[in-house]
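To start, the structure itself, in structure tokens.
Labels run A, B, C and D following the written order; every chain starts at residue 1.
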Amino acid sequence: MGAELIVIAGKLIVLATLLLTAVPVMVWVERRGAAFIQDRLGPNRVGPWGIIQPIADSVKLLFKEDLTPAGVNRWLYFLAPMISVFIAMLTFIVVPFGDGCGVTILGQPLGSLMVASELEVGVLYLLAISSLGVYGIVLAGWSSNNKYSLLGGLRASAQLISYELSMALAVLGVILATGSLRLDEVVAAQSGKLWNAVPQFLGFVVFVVAAFAETNRLPFDLAEAETELVAGYHVEYSSMKFAAFMMSEYMNMVTVSALLVTLFLGGSTLPGVHLEGWLGLVVSLAVFLGKVAFFMWLFVWVRWSLPRFRYDQLMRLGWKGLLPLATVNLVLVAVGVARGWTWI
Amino acid sequence: MAPTISHFVILAALLLGIGAAGVLLRRSGIAILLGIELMLNAGNLALVAFARQHGNLEGQVFVFFTMAVAAAEVAVGLALLVAIYRRQQSIDVDRLSVMRW
Amino acid sequence: MLNLLWLVLAFPLAGTCLLLAGARRLGHRATAAIGVGSAGLSLLVTLGALVSYAGMHGEVVTQTLYRWIAAGNFTVDLSLRLDSLSAVMLFFVTVVGFLIHVYSVGYMHDEAATAYARYFAYLNLFMFAMLTLVLGANLLVVFVGWEGVGLCSYLLIGFYFEKDWCAAAGKKAFIVNRIGDFGFLLAIVIAFKAFGTVDIAGLQAAMAADPEAAGRWATVLAVLLFVGATGKSAQLPLYVWLPDAMAGPTPVSALIHAATMVTAGVYMVARTSFIYALSPTALLVVAVVGGVTAVFAATIGLAQNDIKKVLAYSTVSQLGYMFLGAGAGAFAAAIFHVFTHAFFKACLFLGAGSVIHACGGEQDMRKMGGLKSHMKATYWTFLVATLALAGIPLFAGFFSKDEILAKVFAAGVGNLHGYGTVYLGLWGLGVVGAFLTAFYMFRVVYMTFHGEYRGSAEQRHHLHESPGVMVWPLRILAGGSVVAGLLGVSKAMVFDWFDSNWFEHLLHPVAPAVTVGHHVSLGVEWGLIVLSVGVAGAGIWLAKRFYFGPEAGAVPARVAAAWPRLYRTVANKYWVDEIYDATVVRPTNRLAWWLWKGLDTVVIDGVLVSLAFFTEIAGDLLRFVQTGNVRNYALMVLGGAILAAAWLLL
Amino acid sequence: MVMTVFVVAAVLAIVSALVAVSHRDPVINVLSLVVTFFCVAVNFALLGANFLAAAQILVYAGALLVLFLFVIMLLGAPQAPESGLHRPVQKTAGLALAAIVIIGGVLLALTMKVLPPASPVTGDAREIGKAMLTTHAFSFELISVLLLAAMVGALMLVKRKH
């Protein structure tokens, strides 16, 4: 019991560190990346290549005045950023971010590196928890008592509900091919054959597009849309509450990227590589981080490359584009499974 | 001491009663719909409890059907509310008695 | 190749779907490509299948696509059956069908794009249905094809549905066909009831296994099937729709109402010949109906002035010959006539279409004449086909018609089933029919192609030979009308030198002839041949005397004047349509009217109205319970639920 | 341990349910109902229905209540004026009925035979799916038709007439 708890606690610490470290790193990557794409320098004063800049930013945010506008619904106004961060962190615990490779700590096998490894309904849990993320945004928009925030919140709720559907359908294809709701089994099932992204290319594409919508990133950041809604749902927020929204956005990016990697790109495995012991553990972690890093970069890349969709275009894409595609993917996978095609 | 089925059923009964009170006493259409949702959920809880008692899955399967019905009900109910609101700028159901006789 | 047999059906069906889906978007070119292409692909697959089938030894090939119906012990597979009989049908249906598709490209070219697409879609659908009918391995699949061709026939007859009389003709064809179809359906039901299967092979096996039951049911089954055949193949008394069916575009008349669909009845009789072989009565019925129809329709054909109407009655008459042959037990001879008839009658219709096309839509022969010099290719092909139809030696119709007459004569002399005299009488009718056929066909040739042009000056200016896509099918079909007969030269014609009747051999395993022990001697057979040639020659001579030269038309006018009543009777088609109208159509209408006004309006509506009235009163009383308050309703619902729960629990 | 979880969840569920039906702010109503549903999901998990627990959160908290919030915002948070017409009879009868429901349910729970829980059935997704698509296939189809009808109906109701 004690050893088990220690292992779980260890995993939790690793996880939280990973997630929280990812945020400043991503902020830096985003700013430097934007600068690179727009052919300018970006932050370069604080530390070498401006590496310390995110820390300076957070210190600044921490010491800003925490403003509570008049006429807001205090409770909800306070609750909204907390919900956002909480949900963003909660989703990660079922993602297998590495392979234990038979390593034992205090006589306790590490197993697949995720916190809640005994959860049979991992994928469903993920979908369920991530579907709650919308509450943070909607409540922020609502409680601010500001028409821009309200519009942002409204848009966010409609958008998230719409895209969650396509996303879930795309995930269903993977589940169908795997035959299990456990994410570590999804990874294990991919290690012996093609990664899911190949036979379920449609589902993969749908998931990637929906991922952008679910994280409220360009080209789908209609909820904040600074050029029309000022800053959307968090227009009234300042100081650490604002920082909380920022953090949750970046954490969501990490989660979604990790999911993409897990569901469609073989997770922490590389085809043809089987290592044992600590070496295997380190390599698998590195592989996973590498894959996730690629998608994180993709988020940045796309943000600074594509213009924003109009709202009706967004909805049309979601309902008339992605949903049918995801359905087609699901049907194809179902046919494949029914016919016993092993490669699917 | 582990909770027995009775505990769950009592909880379900309480939730059902609270939901029923909400439906019967509130005048806001949204509150009424929420009360109905609560009642359905209480029913679900009882179903799962009974399924556990009998050791089969029928109850759980039925809960899924209930969820689907709840989803359909909410969709139509909210659409009705929107339509009503457009008509008389209010969702007070006591103002809806113009269609009698 | 044989396991690709289903493609024969799939291509036309795919063509239909494409054309119907794209009717508004496809241009003429694309439509023609899809329509003709699908028929062509079907033809290619057919030829491939037939080549590989030819390498076998006449086995029956069945291909089961899937189990269609499974209900208790009643199972029906969607399965196809290829044997020598269906192979013959398959061959000429796809060949003639493809040629007519090609011809239609030119003939229908003036239609609007959507109508053009619709036309080809229907034509492809017809091909699909007809091939289903031919290839079906059980009666139910055959019935699907049977109904399918009926539907296409209806759609295509009413193709110009904006004209009332075209739509009416379509409806007439459909309704008359339904009467026959009902007989067919009854036969299927009885077959299942009596033998527990609707599969053709299964039925045959079941009847062979239980001769007693087979003998009991054979006559009923055979006659009901024949009722179906009279509808589809336009025999007495259900022939009336076919002449009206000429309202459709001419290629349709050629394909559906001459070459393929109308022969479906004959095919069906040959297909189920094992039933007919067991029932002398049914055979006699078939023979009598066929023989009488042959002469009856031919006499009507004498006095028609619409070129397509003459051909229509000729078709009815020739179908009569086929049934006459089948009724004499010579199923192979009947199918042989179906086969040759497909070529020359399609050729005749397409030739007529070419003529009509040239005359700007004119169908009345009294306004034609002298077209020979304007359209050489049409004239020569038409003439070849006419000679074939008239039964002039070396042309296809001679061999097949003569074969039928010889078999009927043999049946008469051999006293088949003890009905020898009847068969002899029918043979006499057949010979008369042959004379009439030669006469009215040459009447058409002389009135249309010889003499002076009698149409308007504007039409004369317009006269031209048809384009290549229309002429080439004519040439190919004319070629077929010459050579098709060589497949079944009877033994007598080569002086018993060798067994030259390849066609009969081919079909013998599938549809064995009902034979009589008596053998007609070679001399008598030659006598019959000479007689029928002489009769045909006499017909041609008479036609030339009546309708050729400066005196053309004078003699017939004198004849008509001498017997005015007879002439009017024949010209008005024996008033059959009028009789049907008075005895069937109008009484039915009146009955329906009474049912509507009497039963429906008074009795049924009355009950319903009074029910509604009482409900309304009850509602009037009960509506005071409705407070209009939603929460009140909720209260009642919950109270009721509690009461119900209490009642259940306590 | 299990009992503690149950008690906490049950108390929280009842309190939040009370808030959900009694608070005047519809947004608060919805949010406290989210808490209730969470607690019910916890109860599902306690009963071994893990899959249902996740589905409960996904469907109710993730979709249905968001829809409620969406509509509330769309209508600008209509605060129903609970003044005006009072209906004392309605109120009394409503309370009485609710009380009957509760008392009846509790009595039923206390008097019913509590068997030792039969072999613990875990609500495995596979088993539920199989049951749904085999024994209950007809109901499943019916539900799908119902959902379609609801979708069409909702669209028709809110469509603006031009």
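The definition used in the following text is that a residue touches a chain if its C-beta (ideal position, glycine included) is under 8 Å from a C-beta of that chain, and two chains touch if they have at least 3 such contacts.
The model shown is predicted, which means the values in this text are computed figures rather than measured ones.
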Central chain (distance from its CA mean to the mean of all protein CA atoms): C
Mean-CA-position distance for chain C and chain B (Å): 65
Rounded Å distance, chain A centre to chain C centre (Cα mean): 69
Cα-centroid distance, chain B relative to chain D, in whole angstrom: 5
Where chain A and chain B are represented by their mean Cα positions, the distance between them in whole Å: 33
Residues of chain B touching at least two other chains: 20, 24-25, 27, 94
Multi-partner residues of chain D (each touching 2 or more other chains): 51, 55, 63, 67, 74, 87, 90, 93-94, 97, 101, 104, 108
Junction residues of chain C - those touching two or more other chains: 629, 631, 635, 638
Chain-level touch network, classified as line, ring, star, complete or other: other
Touch list for chain C against partner chain D, complex: 629, 631-632, 635, 638-639, 642, 645-646, 649
Touching residues on chain A, where the partner in the complex is chain D: 73, 76, 119-121, 124-125, 127-129, 131-132, 134-135, 138-139, 141-142, 150, 153-154, 157-158, 160-161, 164, 181
Parts of chain B lying in touch with chain D, wherever the complex brings them together: 1-22, 24-31, 33-35, 37-38, 41, 44-45, 48-49, 51-58, 60-61, 63-65, 67-76, 78-83, 85, 90-92, 94
Chain B contact footprint on chain C (complex, rising order): 623-624, 626-631, 634-635, 638
Contact footprint of chain B on chain D as seen in their complex: 2-3, 6, 10, 13-14, 17-18, 20-22, 26, 29-30, 33, 36-37, 40, 43-44, 46-49, 51-52, 55-56, 59-60, 63-64, 67-68, 71-72, 74-75, 78, 80-82, 84-85, 87, 90-91, 93-95, 97-99, 101-102, 104-106, 108-110, 112, 114-115, 117-121, 123, 127-128, 131-132, 136, 139-140, 143, 146-147, 149-151, 153-155, 157-158
